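Below you'll find the structure, written out as structure tokens, and then a few comments.
Each chain gets a letter, A, B and C, in the order it is written, and its residues are counted from 1.
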């Protein structure tokens, strides 16, 4: 159900960094906000500094070109506490597992109703 | 008013498959949920298997690299029945008209208020 | 807080047109809807006519390949009047500052709750 869009700079040494980020985000959602196993759908785009624009100091957080913008469309209804836990878990694991600076995570949630998804066969599986 | 984002794998034999998908989605919206004629705005992105991530069996639906992810931003207020009709119509027509497997449609709706659009000239035409 | 996605045709004479559009949109948000200074995060994608689809006359507005699709995810709660002022300001400035036709602006807002953002360090800074 979550549809995750991940945007990051290209030119990283490992071409699979986008996928690794995606796996960490997916597992964090399973472990914190009850996303079902296998509910893993993501769109990753690579950018250069002309097309991924960020402020390097907004809110006194020091960002680098290692910034990763994660926009997650998911069902509405999470508590504020669960959202906070999700952000914290993503940031901790991206840092621990693939060495992403904690300052370089940008996360945004877009909430929709449960009938706003079809996972195939033209059926609204969650409605 | 709907803004449609379509993501699919590149390397298909026909380079216009994205456009054809878009035309089917557009016409399905006109015919089922009362989208006005000519209200046709879409952004299509091609991906490889490293950047379009999907689970091949979630909800026991067998997906292939032919997966098409369709995210539609549109005005709020559709009934659940109309949303279901839209999904069904898109899946049936993509299958019949351009041979997309029904299992390979992934559709998500993001709803917004009617004043959240400007179609040009800096005016909120629907407000 | 606003996350801005800008989609435009490639092949423009100036490769930085996307960034210039982004700067105008950012400044318009600061000046009209109270977006904080430095809150500047944008994702820009270039397209060709096969992947950026628009109707050239919908609502009797004459659009050209110079079309710019701007989708802004931001906090909910703006009045209709402020949204109108934002659209008008973006269109006027894009025209005046970088010669974008007013008819070629397509703007869409997606609204989210204030706790739906993390700007780094895994913290929900606005919650």
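As a working rule, a residue touches a chain if its C-beta (ideal position, glycine included) is under 8 Å from a C-beta of that chain, and two chains touch if they have at least 3 such contacts.
As the structure is a prediction and not an experimental result, all values here were calculated from the model.
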For this session: Could you say what rotation angle superposes subunit A on its sequence twin subunit C, using C-alpha positions and rounding to the nearest 5°?
Result: 120
Problem set entry | Fraction-based call for subunit C against subunit B, same above half, different below | different
Seminar exercise, completed: Rounded to the nearest Å, the gap separating the Cα centres of subunit B and subunit C is 21
Problem set entry | Residues of subunit B whose C-beta touches two or more other chains | 45, 110
For this session: Within their complex, state which residues of subunit A touch subunit C.
Result: 7, 45, 47, 50-55, 57-59, 61, 63, 69, 71, 80, 83-84, 87-92, 102-111
Problem set entry | subunit C to subunit A touching residues, read off their complex | 3, 15-16, 18-19, 22, 36, 38-46, 73, 110, 112-113, 115-125, 127
